[in-house]
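You will see two complexes here that share chain A, one where it goes with chain B and one where it goes with chain C.
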Partner chain A sequence: MTSLWLAWRTTKRYRVRAMLAIVGVAVIGALLFDMLLLSRGLLDSFADLLRSAGYDVRVVAGEGLPIVRLPIAGAARLAADLRALPEIRDVVLIRIERATAQAASHTARTITIVGTTQTGGGPYTIVKGDDLPTSASSLDRCPVLVSRRLAASLDVGPGSSLQVSVRPEGIRSALPSIACRVAGVVNFYFAAAGEDSVATTMDALQDALGVPADAELILVASRPEAGPAAAVRAIERLRPDLRAYSNEAVLAQFNQNGFAYFRQISLVLSSLTMAFAFLLVATLLTVSVNQRLGEIAALRALGISRTRIASLLLWESALLVGAGAVLALPLGGLLALGLDRLLRQMPGLPDRLHFFVFQWRAVIMHAMLFAVTAAAAAGYPVWLATRLPIAATLRREVVG
Partner chain B sequence: MIGSRVRATVVAVALGAALASASDSRPGPHLPSVLLSRQLAARAHVSVGDSVTIAIDPAGTRAVTVRVAGIYEPTPDPLRFTAQRLEAHMHLPDLIALVADPADPGSREAVDAINVKLTDPNDAGRFASDLRMRSPAVTVTPTNRTRDDDPFAVLDRFHVAISIVTVVGATAFLLALMVIRAEERRETIAVMRLIGISRRSLIAAVAVEGLLIAVLGAMLGVVIAFAAEGLVNRFFQARYDTALVFLRVTPSIAARSIAIALPLGLAAGVGASWPLLRGDILSLFRR
Partner chain C sequence: MKAVVEARRVTRLFPMAAGPVAALRDVSLRVDAGEYVAVSGPSGCGKSTLLHLIGVVDQPTSGEILFEERDVAGLSEAERSRIRLIRIGFVFQRFFLLPMLTARENVELPQAEARVPPADRRARTRELLEYVGLGDRADHLPSQLSGGEMQRVAVARALANRPALLVADEPTGELDDQTGEHIADLFDRVHADGTAILVVTHNPMLAARAQRRVAMKSGSLIA
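Let's look at the complex of A and B:
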C-alpha cells in the first residue's frame, strides 16, 4: 500500500473533520486567490482601458490640478504643429463639458458631452447606427453619439433629434440649445456607471458653447519607429508649459498613487490568509497525529520506515490543502465577481474598469503558495511522528 | 446665501529641494515668510529662521529669498497618502508676486481655487448653482460628500465583505477543532450518560465550553489587534512618510468582534457534540 493510498484511507476515516478542513482551506484559499487577482487586476484593467483609445501620449495644461482640467491655450494651432512633428502620427483634441439633453416629451437629463476631433473609431463600441462623420463630409451641424443608457432613457436612436444645451441642470443660462442628430448609439469605454454621455465633433461643441473653446486634453499617437518617449520629448520641446505623459508614465503614476491602497491590502490579506491556512492545517494534522500516536507506533513496530510515515503525513496534508486549493479557484472566481461589483460602485469609475482580472500568473502563484503551505503545515506533525519512541508509546497506549 | 468668510489657501506644491535651499545670507528685516512641510524641510535641511530662495522653476527664474517662519505637518489625506508632501504655504500676495507674469496684468488677479465656508452648510447645492449661474466658467465643487459619492463608503463595504469571508473560514476551522475535541471525549460522554447525567446538562456543558473558547479566542484576537495597531501604523507611516492613521481598533469594533464570536462558538460547540449527545449510549462505546 502506497503512502498516498494510506493517506487517502485515513482522510476517509475522519471524513467530517477532513470535510471541514477542506471547506476552511477553500474559503481562505478563495480569499487568497482574490487578493492575488487584486494585486495587479486594477492596473492591468487600467492599462487595457488606456490602450483601447489607440493613443499613447496625453497632453494636458501644465498648471492643471489632477481633478480640474484646464483649457490648453492655442490648442488648434498646437495640434497642427504636433502633426508636423516626425515623431507623431495622429493628434486628437478633446474637451469635456456638463450639459443637458432633451428629446421630445422627455424630461431633460444632465449629461457629460465630449467634443472630439477624432472620427472613425474612438474609445467606444458602436451598438447601433454610425460613427461621427468627418466634418468635411458632413452637412449635420451637430451629429452625436449617445450612450446606450441615455438612448434608452430618452427613447432615441440613430436619426432621432436631440436638443443639447451646454449648462448643468437647474442653472439658468443665456446659451441657446442646439438641435443635434443622433448618429449612433455606443458604449463609451471611459464613461462611469450611471453616467449619461454624449460625444460630438469639436465644431459642434464650440457651437453649443457659443465661443471658440480650447481643448482640455490632446491625445497623441506616436509613430511606431519613434515611440511614445520620443513623442513626449518632442512635445515638451515644442510647448514646455504643457505636460505630456506616455501611457506607461500614466500607469506608473497610477501604480504609485491610486493603486497603492489595493496593492497594500492585497499583500496584507494574502499574508494573513496564508498564515491562517497554515495554522488550520497544521493544527488539524497535529491533533490528528496526537490521536493516532498508538497507531503510528504500531506501524513503526511493524517495520514501516520513518520516511514512509513522514510521506504519509505529507500526503494527508497535501490531500487536505490540495482539495481546498482546487475548490478555492471556482469559489474565488465567484467571490471576485461579487467583490468587483462592490468596488465598482466607487463614484466616477469608468464602467470598463475592473479590480479583479483573471491572470494565469495568479493561478500559478496560488498553487505554489498552497504547496508551500501544505509542506510547512506537515512539518511539526512529521517531526512528532518520526521522533516517536515506539516501545514507550505502545506501552502507554496499552496501560492507558 | 454667500458664506460669511472666504478663505484663499495657496499652496506651492512640490517645490523640491532644488528650489528651496538654505541661503548663506542673513535674514533681512522684511523678508516674506514661508511655512514648509516637515518633509520638505527635512529634505532641504532647513529649519525655522533660515532664509531660503524660492523660484518658479529649477533654473531659478524670478528667485526670491524668504524666511522659514515655521514647519508644519501636512494634514493627512487618505486619497494622497502615497504622494510626497513637498509643500510650502505662503501669504497669497507673496506668492502672486512670485508667480505672476509681468507681461500679463490679469495674472495678478488670478488664483487656482477659492475655499468658501458657508454660514449654513446645507446651502452648498444652492450656493453652487447660484455661483455657476453668475460665473459659468467657474467649477464649483462641494467638499462634503454624501454616502453615495464617497469612495470610503465603498471601501467600508469591501472590508465588511472580506471580514464576512474570513468569519466563514474561521467558523469551518473552529467547527473542525470542536469535532476533533468531541471525538476525543466520545467515551467520557458515554460514561457520563450511563451514570445518569442528563442530555440537557451535557448540552449546557458543551455550550458553556464553546462560549468560553469563543470569548477567550475573541479577546485574544482583540488583544492581538490592539498590539498590531501600533506596529501597522508605525510601519506604514514610516513607509509613506505621513501622519495618516491606517488602522484604528475602536471599542465598538472590539465589541462587534466578540458579539460575532459568541454565537459562532456556541453553535460550533453544540453542533460538534450533538451527534454524541443524541445518539444511542451503546453506539458511543462502538457496540
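Let's look at the complex of A and C:
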C-alpha cells in the first residue's frame, strides 16, 4: 500500500479530472517538445547538411561570413598547394552562377549552376544515371547532373541534351549557350525547395563563362590524424588573405547569429508552456485537495503522517504530468512534422534543411522540465494538505 | 485503574475577530483503561473540542492532556501522529472512508502506515471485517455500502492497530435509529473486548450504553 499505489487509485477514482489533466498536459507538452526540437533542430540539421558534403573546412576570400562568395584569386594553384599540405586529404573548388537551361521544345528555365572539381560522391544522391565523369576520362565537353525537379520540368534524363547559358549576376552579358549532356538525375543536399539546380565540372563552367574563372569556395577535407583545426591553421599560414572556417566554426557563427531568433522564440514559448502546465496541474490538484479536506483531516486524525499525505499528492501530480508528458511525445512528433513541412516552404532553404529534428537531448530535457513542473505544481496542494488544522477542518466538515 | 487519557483543567480558546471564544473552560476528564465514557450536551457546548483534545488532534490553550501518562504538549507532531496511529482509533460522524479504496483496503490503510507486515494485516483485516459483520463486503467500495455499513467499516478501521482508546464523534449522527442501535451494539462489543471508548453524542440511546455519562454545557462539565 505505497503512496504511488494510493495515488494511482485516486487517479482512477477521479477519472474525468485525471483525463482532463492528462490531455491538457499532453497538448501543452506537445508544444514544449516542439519548442525543444526547434531550439536545436535547425542547427543540428544544418550541421548534418554541412557534414554531408564530406568536407570539414571551408575557404572563402577575404572577410565576412563564409556564405559571402567572392572569387578566390589563383584558386586552381591554391588547390594544388593545399593538396600538398600534410594536414589536408582532399580539396574541391566550387563556383556557383545563375544560368538558363533549355531542352528541346521546352521554355528556358532559370537555374543555379554549380561548377565543381569534385567527381564522385558530391553533396547529392544519384536518382538516375551516373555521377560526373572525371575530366581525364570524359569525352564530354559539358557533362551535367540535374535536379529531379528540373529533369521533370524539362523532360530530360541521362543522355539527354541541355543548352546551358550562364548569366552572371550583376553583369549584363550575352554569353552563348553551350551544349551539355545529362549524366545523371540527382537530389542536391543544398538545393532549396523550388530551386532548379545543375552541377557540372569546373572546366565546363569556365567554358560556359567563356573566361577562366576562379572558384568562390574551396572545400577542404582534413586528414583524420590532423583534424579540421590544424587544417585551418595550415591554410591561414599559407594564404593569410583568405578565411578558412571549420564546420564547427561555421556552426558556432550561425548559432550565435542566424539561429538566435529561433532559440529566443523557443525559450519564450517553452517558458510559457511550462507555466501553463504548472498552472493547469497546480489548479487541478488544489481543487482536488480542497474537495478532499475532510478526508485528508480524517487521515491525519487516524495517524497517517504528513510525509505520506505529501508523497501521495506528489505521486498524483507525477502520474498526471507523467502520463501527459509521455502522450505529448508522439503528439509533439506529429505536430513537428506538420510545422516542419510548413516552415520548409520558406523560399531559399536547402531541401534537406529541417527546423524540427528529433534529438534524445530534447526528450531528456522534456522529461526533466516536466519532473520539475510536477514537483512545483504539487507544492501548494502539499502545503495545504499537510498544514491543515485537523480539528478545525473536521469541525468545519461536520458543520458544513 | 490506570488512566488511558486524562484532561487536566484544559481550556481551549479560539481566536475570533470579536475576541477569543472559550470552547472549553477548565475541564478535567479521565478515561481509564477499558472504560466506556459518553459525553453529551447541546450543540456548541464543546463536546467535539474536548474529543479532539483527548484524541490528540488539537492542543489546549491551557491545562494538560496526558496520554498514557505522557504530556502530549511536549511531543512533536510526528510523535502525536504516531500516538493517533497506534494507540487511538477515530470514528467520525461522516465516516471519512477513502472512496477509492474497498472496505478491506480502508481497514488495511492504518496498518500499512504502522508497517504491519502484509500477511498480518490481511489476517487482521479479515478478522475485523468479520467482527463488524462485513466479511462478505470486504471488496466493496464505500459507494456500494449503506451508511451503517460504512460506519462499521470505519469502526473496523479505528480498531485496526489495536488501540487503547476509541474516540467517536457523533458516530450515529448520520444514521437512522435502527442502524444507530447496531453501531451501539458494536461499541458494546468493542468495550467488552477491553478497549476504552470515549463517545461524544446527542443520541440518548448511545449515551445510555456507556458506563459513565458526562454532560457538558457552555464549555464546562456539569455532571
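A few comments on the model shown:
The criterion applied here is as follows: the second predicted complex is superposed on the first by the 383 of 400 C-alpha atoms of A that agree within 3 Å, B and C clash if a C-alpha of one lies under 4 Å from a C-alpha of the other, contacts with A are read in each partner's own complex, and residues count from 1 in each chain.
As a working rule, a residue touches a chain if its C-beta (ideal position, glycine included) is under 8 Å from a C-beta of that chain, and two chains touch if they have at least 3 such contacts.
A quick note: this is a predicted structure, and the numbers were derived from the prediction, not measured.
When chain B and chain C are set side by side, the one touching more residues of chain A is B. When the shared chain is aligned, no partner comes close enough to touch A:Gly333: not chain B, not chain C.
Legend: residue contacts after superposition of the two complexes on their common chain; A:Gln256 is shown touching chain B, with no touch to chain C. In the overlay built on the shared chain, the residue A:Leu20 is in contact with chain B alone; chain C does not reach it.
Of the two partner chains placed by superposition, A:Gly129 touches none, neither chain B nor chain C. Within the superposed three-chain model, A:Ile390 lies in touch with chain C and out of touch with chain B [touch as defined at top].
Within the complex formed with chain B, the chain A residues making contact are 16-17, 20-21, 23-24, 27-28, 30-31, 63, 65, 67-68, 167-168, 170-173, 175, 256-257, 260-261, 264, 269, 276, 279-280, 283-284, 287-288, 291, 335, 338-339, 342-343, 345-348. Interface of chain A with chain C (complex): residues 1, 9-10, 12-13, 294-295, 298-306, 308, 389-391, 394-395, 397-398.
Chain C makes touch with chain A in their complex at residues 48-49, 52, 55, 57-58, 77-78, 81-86, 88, 90, 92-94, 96, 98-101, 105, 108-110, 112-114, 157-158, 161, 169-170, 173. Chain B meets chain A in the complex at residues 80-83, 112-113, 129, 132-133, 136, 139, 141, 148-151, 154-155, 157-158, 161-162, 165-166, 168-170, 172-173, 175-177, 179-180, 183-184, 236, 240.
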